[in-house]
Structure formats: structure tokens, C-alpha cells
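So, here come the structures, one by one.
Look at the two complexes coming up: chain A is in both, with chain B in one and chain C in the other.
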Partner chain A sequence: MEILQHLADGFALSLLPLNLAVLLLGVTVGLFIGAMPGLGSVNGVAILLPITFLVPPASAIIFLAAIYYGAMYGGAISSILLGIPGASTAVATTFDGRPMAQKGQAGLALIAAAVGSFVGGTVSVVLFTLFAAPLADVALAFGPAEEFALVLLAFTTFLALGGDDVFKTVLMILLGLVLSTVGLDLISGQPRLIFGDLPGFYSGISFLVLAIGVYGIGEILWTIEQTQHKPQVMPARIRFSELAAGFRALGTSLKAMASGSLLGYFVGMLPAAGATPASLMAYGVAKSTSRKPEQFGKGAVEGVVAPETANNAASTGSLLPMLTLGIPGSPTTALLLGGMVMWGLMPGPMLFIEQPEFVWGLISSLYTANLFAVAINLALIPLFVWSLRIPLPVLSALVLVLCIVGGFTPNQKMHDVWLIAGFGIAGYLLHKLDYPLAPLVLALVLGPLMEKSLRQALIAAQGDVTTFVERPISATFIAIALLLFLLPLIRKLRRHLLPGRAAASSRSSA
Partner chain B sequence: MRVAELLTAAFLMGLSVYFMIHAAALPIGWQQGAGPGGGAFPFWLSVMMLVAAGGIFLRQAVGLLAERGSRRPFVSRVALRQVLIVVGSLLAAIALIHLVGAYVAIPLFLVFYLRAMGPVGWRQTTLLALITPVVVFFFFEVTLKILLPKGITEPLFIPLYALFF
Partner chain C sequence: MLTKHLKTSAVLTGLTAGLSLGLALNVGTATAQAADWEPNKPFEMVIMAGQGGGADRLARLFQSIIQKNDLSPMPVLPINKGGGSGAEALRYLQDNAGDAHKVMATLNSYYTTPLRTDIGVDIEEFTPIARMAVDTFVLWVNADSDIATLEDYVAAVKAAGGAWKMGGTGTGQEDSLVTAMLETEFGIEMTYVPFAGGGTVAKNLVGGHVDSTVNNPSEQMAFWKAGKSRPIAAFTEERIQVFPEVPTMRELGHDLVYAMQRSFVGPPDMPVEAQIFYTDLFKALSETEEWQSYAAEQALVSDLLTGEELQAYLLAERDLHAKLLEAMGESGS
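Now for the complex of A and B:
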């Protein structure tokens, strides 16, 4: 019952008028960002992080988490009405959402998506509440060796589960780590990698500069290149009779909701997986367990509910390792982590002891955010339909201005703005060549922790490398990391040895 | 496509060598009893980067010899024009901020961008170009107290500062 007490204290913080106001604003902005094709939660959080300097740190994080949440709901809107996923996390929603809209059931599809999101969000927040404190307690025993092993483990999940080219993934992780070492050496205090003594590099490369570049400018370039023709917006009106019909139809998709919630939550916790694969997996599971699998792809309600439940559950799931261990479960939570560090709130087990009111305030705000998101989503559907008609040039121009001004704000250096432009162009080119960008951003955020824990552990052990394998928890992490590192290789070998069977099994495990 | 892959891999290989040279400014070896030196972490990561980029390069090069490559263009001509407009106007806007300040550069950028990128009418363009800087001014300068660079237009803002601060 201790948890309930904590949660009540948390609500005392998150229901303050200011926090409630930023929560409402965040959810609404998030819904819009999610609905815009090309912009998802990670872009929204990257672009809007600088403007949160306006409010105290706790409110800022609540705002950003609310954007994260809202964007997960919003992604479904353009998936259904445009047939284009509003964010990569809503790809699976297009499979049945678009056919439903074409059959004239756009309203029903939107209701199903909103309710599915709500169920997924709520189930996962409850799970989150139950797991957070125990996990933080376990993590309290972690020393530098365990921290290093854990970061290593987080990176290797990208190799085993990321699904991208192994060489390119490794390269992006390494590039992120190297970029994170720019600036002053943590231990000796000497400057390094400052590129011919450019003073702008002394303070290092901020995660925000990389994120705004890659997810702001790079994503805009990508969207402009991909959208060469205007998509057609499907009309959608919601009548009360439809609302009732919507809720009745949902009774039949309880199973899809249950599996979507659990799958989403646990897949979401893994750094490499996150909401997009979770929603695809939930779609697959819903299809294979459905009584009418032939309906899928032709406008089945369950086909909308399952991925939407899963992507919301995953977004909560990815917050769990971020808050309790300091290891983000997704690119968006990596940005939240970077933001929290910037405000002096170091995520990890100590946060639960030092700043309990903040931690529980944030957790309790997720309950409220969920409730508001579903209400605002359903109430403002006409507004979202209208906003989908905003021409891309106008939208992209405003985002670019926000990137320039927002990039300048944190450190007030034009140096950062030039870097953002550079990272934006580089990010666009890398994206085009299928280099995964999430590991790059994650590595830049986790780089300092990784190097610090490696060197602290070695200094504590007087330079003895065996410290990483002598401590049981650290050894376990390293063993799993090694296994994940070798997994792509093993898969390849199996494909060579048993061509037919292995191909099928690797597809089911991917 | 293949050429772009090769160029990128080659560029990343060059970048890692460049990082290695710079990282070597600090001790990169093992210091007795204290673990790696200050330059070791970036140095050895750059070495691994070189290997990974080299792997990508070799794989593409082998593919080039074997099947004469995929001849899919890296980017279509129409899209290239748009991407170049965005990149060009963005870089020009940032350069202009140094010279004439954010409050001249941003409207100029908006007018050029909106007219060049798509069918946005003059009325809408003018409206956006006028409203955006005002919103930016009130949000960043008045509320957040963060002064954006103004270049040679700085004197024009002195009466405004007197009014709001």
C-alpha cells in the first residue's frame, strides 16, 4: 500500500494548476504533432524541448511526457484519414485504419484507435507503477561496473533486435559515442576532440543539438522528399450513435487489447524495440488469434485497436528503464533523459530516493495525461481533420524557424545553430542510406555515462579488467550482451547451414 | 545509390581517422593501476568505427564488381530541387542572422521559402512572415529573457528593450 501513498503524493504535485495546464497543453500539442505526417513524438520533443525553459523542471518534464503520450494517440489520426502513418509508430494502424475510412467508417476507426490507446496506456501505467519502485530498489545496488555493463547491454539490443544492417548500426553507435567524448575529459579535465581549438566544442556536443538537427531538420528534408504528391483527406464525422456503436464494437476486441497492452509494455522496455515493432507484433498476434483473420487488412476493428493499444503501452514501457535505471527505452525517452540531466534531475535509482515527489508526480501525470488524451482526441477530431489540410510548406517553414531559434536558446551560441544545420543534412543523407539514427542519438546521450562508469570501475579496481566479470550482476549483463552481439552472426550461420527452415524461423523471431 | 553508399562509407572512414588523430592528443594507452587514459575511449572507438565503415565500403565495392550495382538514382530530380531549396535557404538564413539579426533573417527566410516551395499565396506568406517574428520576440526575448542575435539591427531594438525590461 506504500505505492498508493506515493501515488497520492504524486497526484498532489501533478494536479497543481500549473502542471495540469502544461499537461493539457502538452497532450493537445502532442496530438497535433502525432497527427502531422512526418512528425512523431521524437520530433515534437526534440523541437519543443528548448521552449520548456519557461516552466520549472518538473512541469517541463510533465509537458514533454504529455507530448509523448499525445503523439502516440495522434499518430492514428493521419494513419486513418490520410493512409499515411502520422508517425512511424502508427504504421500498423494504416493496415486496417485506411480500409475502414474508405468504407466510410472513419469515425468508428478513430474511436477504436482512441479507446485502444487509452486501454493500452492505462494498463501499462498501472504495470509501470507496480514495477518502478522494486526495479529502482534493485538498481540501487549497481556500481560503475554494473552501469557500464547495462549500457553495453542496451547497445547490443540494437544489433539483435534493431532489424537494421549490423555494420551500419555498429557504426552509428560508435559515432554517437565518439561525438559524446567531444569537450573536456571528465577525469583529467583536459580538452579533447575540439577540432583545431574551436571554442564552441569545449562544452561538448549537446544531445539537443544532435536531436534538433536529426529529428527536426533532417526529418523535414526527408518528409519533403518523400511527399511529392498531395494525399487525399478522408472525411470523418463523429455522431453520438457512432460513439455508442464504437464502444459496442470494442467489446469484441478485448483480446486484442489485452495482448496489445502486455506486448507493447514489455517490448517497449527494450531500447532497440520500442513502439513501432511492438505495434507491428501486436497486429500480427491479433490477426493470428482472431476468429476472423480474413477480415484483417480489409477494415477490421481489431486491426486498428491492437497496434494502437500496443504503441501507447510501449511508450509507457520505455519510460520504465529510463526512470529507474537511467537507460532510455526509446529515442524519445533518450531526449527526456537528456532534458532531465540538463535540469539536474539525474534519472536512475537515486532519483526515487532524492526526488520522490518529482518521480511520483511524473508517474501520476501519466494517468491524467491518458484521460485527457482520450477526451481531447475524441472532442477535437474536426480540428485534427482541418489541421491535416495545412500545406506542408507552411508547416515545414515554421518547424525550421523553431529549429533555428530553439537550437540557439539553450546555450545562446550560433555555433550550435550551424551544428544543427550540419547534423540535419547529415542525418537526412544517413537516413536515405538506411543508417539507423536512433542508436546514434541514444549513444550520444549514454556516451558520458558509459565512459565515466568504465573508467570509474577500472580506477576502483586499480586497472583490473576482471572486475566486470567478477561481480555477478555485471557478469550476467555482459553475458547477455555478448549473446545479443553474436545473435546476428548465429542467425546468419543458421541460414547458411539450414537454408529453408532457418529463413522461416528468423522471420518469426524478427 | 551505390556511389552514394561508397562515398558515405569513405567519408565516415576519413572521419574516424580524423577523430583518431585528434583523440591521440591525450594519452591513449593503458595507465598502470588507473585504466585507460583520457584519449583512449574516443581513440579506440574511432578505430572500431574505421573497421565498421571499412566493412561497409568493402561490401559495397565487392557488390559493384559482382553485379555492376543498382543504378537506382540516389534522389529524383524534382525532389533534389526541393531539398536544395530547403538546405540553401536554411544555410542562408543562419548566415544572415550573423549579419542582420534574427528579426530580419526569419521573415526573409519565410518569404523566400514559402514562395519557392509551394503554392502559398502572397497574403498568407506576408501574414506568416510578419506574425512569426513577433511571436518569437514575445516568447523568447520578453518571456524567457533570451536575447537572439541581432547583428547590425541591434540599435533598433534599444527602445523595445526599454519598454519590456
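Now for the complex of A and C:
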């Protein structure tokens, strides 16, 4: 009851006309920031910071939270329409979002993403409202060993359920891990794989550069080759009847939404993990529990719903370590943190007790932000879909420009642009040879986290590897990871040993 | 060999200090007429450490204060380049020599990182802007432990026989130096676990993943207020005002004093007009009420130092750290 009282007080604050106005503005701005690869960086948000000084502190925080939320919705748009993930959290959305768009179902994919985001966001805000305070300690229980086990689990969900060719998937993961070691080593401070002494490599290879290269440029080259003799416009029209059909199709994705919301919230809550592993794991779980797993990767609605639900749920979840531990997980949360410090709000375990009106104002505004974001997003879908009707030669050129600008903006280094070009050509060749690109990109995102936590855990345990199985949380994750790793093998064995029951067993495991 | 090298570098330091003194006079006269340069695009505030640590919080606070009080016509972009104990940030500044739109928030790794590893950076060439504060160090343990005094602590570390986990920032950075000082002073051995930033270090102490830390007060403040961590002793000359109960190492009979400067520098060959602009900017910042109250709350000693005095201070500190590293056997060259 006490919580409901707090929440009511929070709503009294967040429903003031001024706060609703900044919410609307923030969500819209966030939607566009999220949709443009590269814009979601510090640049976009820092320029908006002065606006927050024009309004009272509570409105300012609501504004920043609205941007944060809008950006999470926006990330799916470029993933689906262009096949370029705007942020690492939207990588999993490209797996089925892009094929859907190519089949002429861009509208449906966007609706699925928006509704999934809304469900994930809302469920996680409810969970946040009810369990934020007690769950703050769960985040503390995560040390290096647990982080390592979690990343390992994220990798295995992917390996076991990813491409058809396990050898190629493993090879791409390894390549991604090699790329992730480029740059200065955290533990020793020594530069690694900098190709002689190229200063551009000191800061490592960023996710954005690789993703824009292999997905953006690589895809353009691929599409140009495919449509060489038969220039075609993607069938992209949207009618109200299709909208209704879209919502009906979503009915089949309820399971994906439920697992995505829960997984997203809990994984997002762990510091250093966040929305990227959450969205991947949700995709993996949706595929393995689906009745038609073979449709994943070819344009399954659930394949869009699951990661989008999870990444929005995770973005709410990750507010928890930011508020209670003061550890931000992204440039936008870091900005939120900066704003809080500015107004004398010290993140930490005492924030919920010392500043209840701030915390609950923020939480209540997340409910409203969600509602606004889904409404604006749905309203703009016809516009987004319409943009696909631009003739291919023009669209390709536009995407190329977007890719280069998006890659250059965050660090303003030509080095990154050359890398994008190189990765683009490599991505095209790999696509031609039928190598899956997603494991490559994911290994680059998760690799640094995995390496760091592995080494920290081993240093702390004096080099004793049993530390990973002695700790209960880490042991559980590793056990699940092992199980997932062996699952395809077990299925195969069963099919070989008991050919008569193969059909039955596959049905029961579905 | 090493001492000889040190001597030469000391002579060199003297020489450059003399040379740059002349330059400083120029700067002084220029200040009167200047204010004719202003950034014409957002300027970057490069942070030598990861998100959530003391340096990061400070930079983000400054970003907010600058924009709230309209101290700069252009916004500030804080950028974390914490890789390799700040080598990433140092190298970034070096590679952007002459750039008037980049300043860097420094830690003591400003000296130690180039001393340990040859990354092609000489901090003498960097442009001094302002030292905003001197940060302090405190020895912390988890509030659940039985350790209440320094004696308990030393006994517990000895009993652990080398398996005692001390959490800190990157190897060769401040935390590892303070750890080495403790080891030498008390004849103890600890396992040093490096993390990306002070905020993460603090969290790992409270979560029980390491046994002790030497966090800056601002990094542990929220946890201390919540009763989750316990200060044992301060590495300061006098007791820290916020923790009147906590003895200094010196009071306990151990001459261990260590502080961290929180300064701002520009890349090598930064235009003089830009140097003046940023120096004035940070002077104005140091007088704001927001900064003064933050410094008091977080046990930061607000102590402004600019221009050549700052450069001389930074170089003297570097020599001191060279000796510290040598004593630790950590020097890379």
C-alpha cells in the first residue's frame, strides 16, 4: 500500500501539463535519436542538456528519461527498415526484422516491435515499482565470476540456436573475439593488435563501426548484386486491414513477450550486462520454445517481438544499478546520472529513502513515457514504411551517406570511416560465402566484457578455475550454458538412436 | 642507470620549467586583452577513467555546472577513454595536438601510465589549464567484516596469506600505488584485482567480491551513508572533515600520505587563446556555489592552481611517482 501511495504522489508530479509536454518532446526526440545509427551517442544528448535547465529539476529528469525511452523504441526502426542496428541492443531485431521488411511486411514488423517494446517496458516498470528496493541487492551479488558466467550463457544461447552451420558460427565468434582484443588492455595497460603503431586502434574497434560496415555497407553491396538485372522496389504499402492483421498476428507472440519481459528486466538489472545480452537471450529462448523454430531468421514475428520486448524491459531494469549503485550502463544513463548529481541527488542505496518524491516521480513518468512512445511510434509507422518506396538506387545512396556520417560522428576520426569501408567489403564477401554475421558482431560486443571478467575472477581466485563452479549463481549459469550447448547434440543422438520416436520427441521438446 | 636517467630528466624538467616560465609571462599579459577566442563547436572533456568513478562524476558535474551557469557558449561533451589505465586518453590528446576543442580531466595516472609503458606521450608537452581539487584516499572494508581498526586489518591480511583481495583501478594507477605502500609499510602481501573504474571497485567491495579497497571518499560516500562500508584509516595529513572519527595513517604511526590531483589539461600546442579561455572557464567554475558545496560534501579539497604553477606541480609530482614506481619495481622502462 505504501508503494501505491508513493506511486500516486509520483503521478501527481509527472502528470502536470509541463511534465507531459517535456515527456512528449523527449519521446519524439528519443525516437529519432534511436533510429539514426550514430546519433544515439553522447553528441545528441549533450546538445539537449541545456534544455533541461529551463525547467524544474523533476521535469528535467523526466525529459531525460523520455529521451532514454524513446531511443529504445527507435532502435528497432533502422534495424527493420535498413537492416542496420542503430545500437547494440537492436542487433537481434535485425535477424527477423530485416527479412520481414524484404517480404513486404515492414509495417507488421514495426508494429510488432512497437507493441513488444510497450509490453516489455510496461511489465518491467511494474516489476520495478514493486521490487526495486529488495532487488537492489541482487545487483550487488554480481562479481566478476558471475558476470563471466552470464556472458558465457549469452554466447551459448546464440551458438546452440543460431545458424545452421555450427562450424561457421564458431568461426565467426572467434573472429569477433579476436577483433574485440584490439586496443589497450585493461589489466596490463599494454596495446594489443594495433598493427604496428596505428593510433586509431588504441581505443579498440567500436561496435558501431563493425555493425555499420557489415550490415550497412555489406548489405548495400549484396542488394545491388542481387537486383542487378531486375531492379525492384520493395513492396511497402500499409492499409488499415493490415494493421488489424498485424495486431492479430501478435496474439501468437504472447509467450515471446512474457519471456522477453522477464528475461529483459532481470538481465538488464545486472550492472555491466544490460540490454544487449538480454535481447539476444530472449531471441534464443523464443526460438527454442517456438512451435516453428525453422521460421526464425526468415521473418518470424516472434523473432522481432522477443528482442524488442527484452531490450525495453532491460532499459528499465538497468535504471536500478544506476539509481542504487551509481553505475551507468550507457551514454544516456550517464547523462541521467550527471543530471542527478547536478541537482544534488546522490545515487546510492539511500536514494529511495532520502529522495522518494524524485524516485517515484521518475518511475511514474516511465509509465507515461511508455504510453506516449507507443502512440507516437504507431502513428509514424506509415511514414517509415513509405520511406521504403524510395527507388533502390536512391535508397542505396542515402543509406551509404547515413552509414558514413553515422560512423564518423561519434569519434570524428577518418580512421573509423576506412574501417567501415573495409568491414563493408569483408561483410559482403562473408555474406556471399554464407557466413553468419551476427555472431561476429555479438562477439565484439560481449568479448571485452567476457575477457575482463574472466581475468578479474581468476586474479581474485589466485588462478583457481573452480571459482566459477563454487559460487552458486555462476555455477547455475554455467550449468544452463552447458545444457544449451549440448542440446542440439542430444536431440541429434535421440533422433539417431530412436528414429521411430523422433517426431514425438521433437514435439515434446517444443 | 635508472638514477642517472632520473637525474637527467630532473635537469630537463628544470630547463623546461625555466623556458615555460617565460611563456607563462606571455600568457599573463595576454589574459588582459583576451576573451577574443571562444569555442565554435562543442568541446570534448576527455576522462582518463571509466564511467561511475570519481573522475567521471566530477566531469559530469562540471558539464552540468558549465551549461547551467552558461559559462561556455558551446556545450561540453564528456567522453570516457579509460582503457589501459588512461593510456587511451593520453594518446588521444597527443594525437590531437593543437586542437583547441579538447580538454582532459586527469588523475594521477597522468604521470604513472606514461612512466610505466612507452605510449609515445610526454606530459611536459601538454598544456596546463587548472587544478580544481585534491582528492583523498581512505582504506575501506565491508561493513559486515569484523575489522574495525588498522591493527585488525593488518592481522586479517596476514592471516589470509596473500589471498587477501584488494580491489582497485587499473594496475599502476593510484589505487595500486597505495596498495603497494601498504604492503611495504606493514610487510604484508595482497592480491590486487583491477577494475575499470572507482565506482565498480566500490560496488565490488559492498557486494563482497573483494576484501578491501582504497576508494576516494566520493566513490564510497553513498554506501558509507547506507552503512554498507567502513572506513579504517585515511591517507591524509589531517583528519577528513566528513569522517571525524577516522584516524589518519600518520596518527597511527605510519607515514603514509597520498593524494590525487583533479586537474584539467589540454593537448600539446593548444593555442594560447584557447588555454586562456579554458583557464578562465575553470576559474569561474571553481567559484560557483554548486562546486563549493559538492567539494565539501565529497571530502574534496578545493585548491585551484593554474598556468605555470600547475605545470611545475605536475612535473614535480611526476618525478615523485617515478620514484614510487621504481620502489615498487613497477617501472616499465
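Criterion: the second predicted complex is superposed on the first by the 255 of 510 C-alpha atoms of A that agree within 3 Å, B and C clash if a C-alpha of one lies under 4 Å from a C-alpha of the other, contacts with A are read in each partner's own complex, and residues count from 1 in each chain.
Going forward, a residue touches a chain if its C-beta (ideal position, glycine included) is under 8 Å from a C-beta of that chain, and two chains touch if they have at least 3 such contacts.
The structure presented is a predicted model; accordingly, all values stated were derived computationally and were not measured.
In the superposition on chain A, contact is made by A:53 with both chain B and chain C. When the two complexes are overlaid on their common chain A, residue A:74 makes contact with neither chain B nor chain C. Of the two partner chains placed by superposition, chain B and chain C are both touched by A:459. In the superposition on chain A, A:307 makes contact with neither chain B nor chain C.
By the touch criterion defined above, A:361 lies against neither chain B nor chain C after alignment on the C-alpha atoms of chain A.
Shared-chain residue A:185: touches chain B and chain C both. Look at A:338: by the touch rule set out above, it reaches chain C but stays clear of chain B.
When the two complexes are laid over each other on chain A, chain A has residues 53, 185, 187-188, 190, 459, 462 in contact with both chain B and chain C. Within the complex formed with chain A, the residues of chain B that make contact are 4-5, 8, 12, 15-16, 19, 22-23, 25-26, 30-39, 41-42, 45-46, 48-49, 52-53, 55-56, 59, 74-76, 78-79, 82-83, 86-87, 90-91, 93-94, 97-98, 102, 106, 109-110, 113-114, 117-120, 124, 128, 132, 136, 139-140, 143-144, 146-149.
The touching residues of chain C, counted against chain A in their complex, run 42, 51-52, 56-57, 60-61, 63-65, 67-68, 75-79, 81, 83-85, 87-88, 91-92, 95, 113, 116-117, 119-120, 162-163, 165, 170-172, 191-196, 199-200, 203-204, 206-210, 221-223, 225-226, 228, 290, 293-294. The touching residues of chain A, counted against chain C in their complex, run 42-43, 46-47, 49-50, 53, 140-144, 183-191, 197, 199, 202-204, 271-272, 325-328, 334-335, 337-339, 341-342, 344, 346-351, 452, 456, 459-460, 462. Residues of chain A touching chain B in their complex: 51, 53-54, 165, 167-168, 170-171, 174-175, 177-178, 181, 185, 187-188, 190, 192-195, 217, 220-221, 224-225, 228, 391-394, 396-398, 400-401, 404-405, 408-409, 412, 414, 417-418, 421, 424-425, 428-430, 432-433, 435, 451, 454-455, 458-459, 462-463.
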